[in-house]
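Take a look at these structures.
One chain, subunit A, links the two complexes that follow: it is found with subunit B in the first and with subunit C in the second.
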Partner chain A sequence: MGALQGRVAGVARYALLVLPLAFVAGALLVPLGLMFVWSFWERAGFWIRPAFTLASYAEFFAGVRLSVLERSLVVAAGVTLLGLLLAYPIAYFLALRVRRDLARNVLLLFTIPFLVNYIIRTFSWVYLLSRTGPVNRALMAAGVTQRAVDWLLFSDFAVFVGLISSYMPFMIYPLWAALDGLDRRLVEASWLLGASPRVTFLRVTLPLSMPGVFAAVIFGFVGTFGESAVPIILGGVGYQLMGNTITSALDVLNYPLAAAMSSVVVATMLAFLLVWYLAFDLRAVLGKIARWRF
Partner chain B sequence: MENDGTDSPGVSRREFLERLAAGGAGLAVAGGLARPGAPAWAAKGSVTLADVGVGDPGGDWSKFSGPTGWDVKLVAMGNAPSGVLNVLIAGGGTQIYDVVNIVGGMQKPLVENNLIEPIDTARVPNWGKDTYIREFLAPGKPGFDFIGYKGNVYGVPTVLQGDSFAYLPEKTGPLDSYGALFDPKWKGFVALEDNFTTTGQKTALYLQKNRLASIKDPANMTPAEIKTVIDFLIAKKKAGQFRVIWSSFEQSVNLLTSREVYVMDCWEPMVFVAKKKGVSAVYAAPKEGYLLWAMAAYIVRNPKRSKEQEKAAYELLDFMLGGWYGAKITLSRGYMTNPAAVAYAKSNPGEFGPAEAQEIAAIDANVRKKFQFGGTWQNRWPTHVETYESEWARFKAA
Partner chain C sequence: MGPGRAGRAVAWAYIAALLLFLYVPLAPPLLFSLGGGGEAGTRAGAVTLRWYRQLWDNPLLVGGVQNSLLVGALVGLITPPLALLAAMAVRELRRPRLIVATVLLPLFIPGVSMGLASAFFFRQLGVTPSLLTITTVHVVWALPFAFLIILAVMATFDPMYLEAAYLHGAGRLRAFVDVELPLIRHGILGAAIFSVILSFNETVRTALVQGPNNTVQTYIWSTFLQVGLSPTLYALMSLLIAVTLGLVAVLLLVGARGAVSARGG
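Our next item is the complex of A and B:
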């Protein structure tokens, strides 16, 4: 009887595993695999046919779209870095410097923007940063400038503002979780051993919070890298990230080119994750013991 | 009865959707949300119309449902060529939709993918009465490319319009040339549409008419001609001429109403909205002519469609060429529809007040004037469409 129960439990465990695995395979791996295969196919009229050609990759790497990939990487890295610089102090104070109930309330406040449609939130920046918007009016009223500042909107600045405001809140939560779970006795021990606050932060707090940094960087970088709405709304004359140029290729049914560009994006992200994994232990993010490899 | 596996055995996708809709209608009635005067369920079934947001007469299809016994199920659809094709090919749209009402000129990809049926105009009584079709869209005229392909008619023209650009006369004074989009006087205060078949073609028209470049046909440029146009736009972009390229209706209206830009390549309805918001925007009458286009309602190819369903689809096409529908769409969208619209609005004061009838007549006359003046017919699928797209990408990346 006991053996039977054990067997049933074992089967149930596998069944539980099989379902999510099948879902991941069906919803993620199969489409990604098809995308990769199609990137080598050739166009046939308005559709595609099996072949093995690198034409789409050649078109991508030889054309102007490569500059879009470069820009996407630079923007994603920049937004992630700036987002981290903003999110870390916020998470730090919420986790270590303010009362828990207050921290919870502030964290709740950071979710409020998500109650508003993402596109509407982005459009609100257009109003705020436009030539006749409140920011320019305030600058002119304060005598900072005589005429409206053009670069506030439809510029790199506007794209960074839009992306940071969109993705920075996502970065705060993992950072807060990592810092909040930090063993305070280690910090106290550092003080007792005579380390200054700066040294304690650099040698104790920061390394122990790296799992949170890891997750925050993933959230910031991946989200920004695949972004397409913010550049269109805030970016000015033809500001494109990879999402935009892939959509553009799809507009003329150039599926192999779109698949090739998407494959390059996925490969770039995988490379990024691999490098990140070599620096950090992925298990740390999954709730296991954090281990800073350097 | 076909079963495509989307639901329980013996129930087709169409029936499945109809049952869902019926359930929704039931809930709406229960909740007091049912449209006054609309039948809760038409006796014969429904015709599914996929539309890009222009062809909805305010949700009121009673003038079609009453005489025919068929209801209309309106489904939203994107207008981008890839979106249309993807929905019909990969999204199973041929099994779901009876009619798609999109900006025309898509016959080549739609016909070559077996996605639409040729239209037997003899089954559309209003077809022969429509003088706009004879005048602007008949075989042999450039406008035929918006509804026909290889001599056959595939689309019923539901809306006609001529596009140019908008400007704020308070800032610029009167403007009458696309040259305003490229005039250094308005440097940094110009917006373009993010669309290579509209902006590219208008620029080509400007360059051609002003003898600034050798372009044979702005509607179907050679790769070299496209490159010339894009080089011109890139030079202007680098000089700081353009503030932004817009990609949504709301975005472009906002650019005008906030006076972020003074001159904008856009559609006329944006000017209507801006005016309603108190901004005295003007839609230009450029000396180079207009970018002319038409919306086409296509019958989606579905060999399993019943004869009754097909008849209903034809009846809907005929209804869309009728006076009431035309007047409704002209009034709500600002586009010309069919010659019967003006007369219907005028002779039915119970349905359209004198001011509305006057507005419909004014819009109709305005658009008709544009067509008589001429310009270039928008080409949604030019021969070298991929070059258009890649060159447009070059402009955006420059």
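Our next item is the complex of A and C:
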């Protein structure tokens, strides 16, 4: 009896532990997989019907939407690179030059605005960057320009500002975690061996922080590549990125096309993740969060 | 080595400038929501709370507030236990790397794709869009964050305490409830609050699975798309910012108390 009870308890425990994984599988992995399947179906009135057609992909890759994909890739890469250049010095300074409790408080300050819906924050940029907004008034008051600058809003510039303010904070954490977990003796050793600070950074610190850099790249890229609201608010009429092109395909009830474009976005992300998973140790990014065996 | 005083000053100035860049967008909604002039951007008149009062005359919006509160409460109740189980699974099951990657996956799927896949999935299954479909999508979105918070707190817990409990004859459940749970309680509470914050601030995924049910966020988004922004919407945004910042304050208090109890106890 005791053995049976033990086995029942064991099975119950196992079932409980697997529950969150089953939830993610059922509520995310399966829908994503099916979305890929449905991208090969065809339109039927207000919904879709089973078929195997590449029509949606042809429509995507042949039409003007291909340029949307290109632009999305360029914008996402640009925002990610700029975000990295902005975030790395902060992470470096906080991880290696500041007491840890102070660093945590500063990181917290970066978290708080991130918790406020980025769409609300993006609406604010419409005002801040407008012709009569504070940025233009400050530029004119400082004598930088005589007339209001009108490329600040409804432009690539505005989209970059919106995307960077939405996603850059997210990039600081993995960078900080990787730099904070770095073995300082290696830096000291490089220094003792006569390397200059610059060489030490390029040959020791930077390579050791690459897992964090790659994680930050993924965070920046995932946010910007599939972003649908920022281009609508700040890009102006006709500014298309993958995200809002997908929602506009939904608006005209072209569900298979939306599924196809969405699958391309997800496949891109999964490719990134796979490289990360195979090439880097998760522990380097999670830092001290998880010190268990894995 | 280390940079000199000037170097440190430059670094701090740089951090302050970036923080300013991130915090400035929190201010305009409040300015416009208090303006009496009517037109956004021309804050000529006196300070007024009229737009805040008008919010409650809009039944669509009041429904949205109720929905947001209900969904937020559900997400706050459902997500932490799931995240706790996932964190325990990392510790106790084989292939922890794979488990971590699976639970973190929702972080890496763009909002539109996640919303679209869920919306299609629900429709094919014949599930009518409801507050439950919204809740499901929010829980998927909040799970990785709650998981990381609980994982971080569990990492400060010394597994020797569990060993001690086992040696004294406690079962796994008993050891968990009597020994581990009290020590990681603040982490679970923190995960719950964080999940509620994420739920309150989610738009893109929600908009795709909401059906006829509005949340506050999707109300703002669809009103913006249909008629543009108005002082009333700015009032609503200001309230949301205030609620979010209030929840963050609670989160910080919980965290501070947790840190104290972890050290003291």
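Everything that follows uses one rule, which is that the second predicted complex is superposed on the first by the 253 of 294 C-alpha atoms of A that agree within 3 Å, B and C clash if a C-alpha of one lies under 4 Å from a C-alpha of the other, contacts with A are read in each partner's own complex, and residues count from 1 in each chain.
Going forward, contacts are C-beta pairs under 8 Å (C-beta built on N, C-alpha and C of every residue); 3 or more make two chains touch, one makes a residue touch a chain.
The model shown is predicted, which means the values in this text are computed figures rather than measured ones.
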| item | value |
| --- | --- |
| Fit or clash between subunit C and subunit B when superposed on subunit A | clash |
| First, second, both or neither for A:V237, with subunit B first and subunit C second | first |
| Per-residue touch tally on subunit A - higher for subunit B or for subunit C | C |
| Contacts of A:V116 with subunit B and subunit C, given as first, second, both or neither | second |
| Partner chain in contact with A:Y57 - subunit B first, subunit C second, else both or neither | neither |
| Which of subunit B and subunit C A:L253 touches, first, second, both or neither | first |
| Touched partner set for A:F157, first subunit B, second subunit C, both or neither | neither |
| Partner chain(s) touched by A:S262 [first = subunit B, second = subunit C, both, neither] | second |
| First (subunit B), second (subunit C), both or neither touched by A:T132 | both |
| Touched partner set for A:F201, first subunit B, second subunit C, both or neither | neither |
| Contact residues of subunit A, present in both the subunit B and the subunit C interface | 47, 123, 126-127, 130, 132-133, 232-233, 250 |
| Of subunit B, residues touching subunit A in the complex | 80-82, 85, 89, 109, 112-113, 188, 192, 194, 237, 242-245, 247, 250-251, 254, 258-260, 385-386, 388-390, 392-398 |
| Footprint of subunit A on subunit C - complex, ascending | 1-3, 8, 11, 14-15, 18-19, 21-29, 32, 40-41, 82-83, 85-86, 88-93, 96-97, 99-103, 105-114, 116-118, 120-121, 123-124, 136-137, 139-140, 143, 147-148, 151-152, 155, 171-172, 197-198, 200-204, 208, 217, 220-221, 224-225, 229, 237, 240-241, 244-245, 248, 252 |
| Subunit A to subunit B touching residues, read off their complex | 45-47, 63-65, 67-68, 123, 126-127, 130-133, 150, 153-154, 232-233, 236-240, 245, 248-254 |
| Interface residues, subunit A side, partner subunit C - complex | 9, 13-14, 16-21, 23-25, 27-32, 34-35, 38, 47, 86, 89-90, 93, 97, 106, 108-110, 112-117, 119-128, 130, 132-133, 165, 168-169, 191, 197, 218-219, 222-223, 225-229, 232-233, 242-243, 246-247, 250, 255, 258-259, 262-263, 265-266, 269, 272-273, 277, 282, 286, 288-294 |
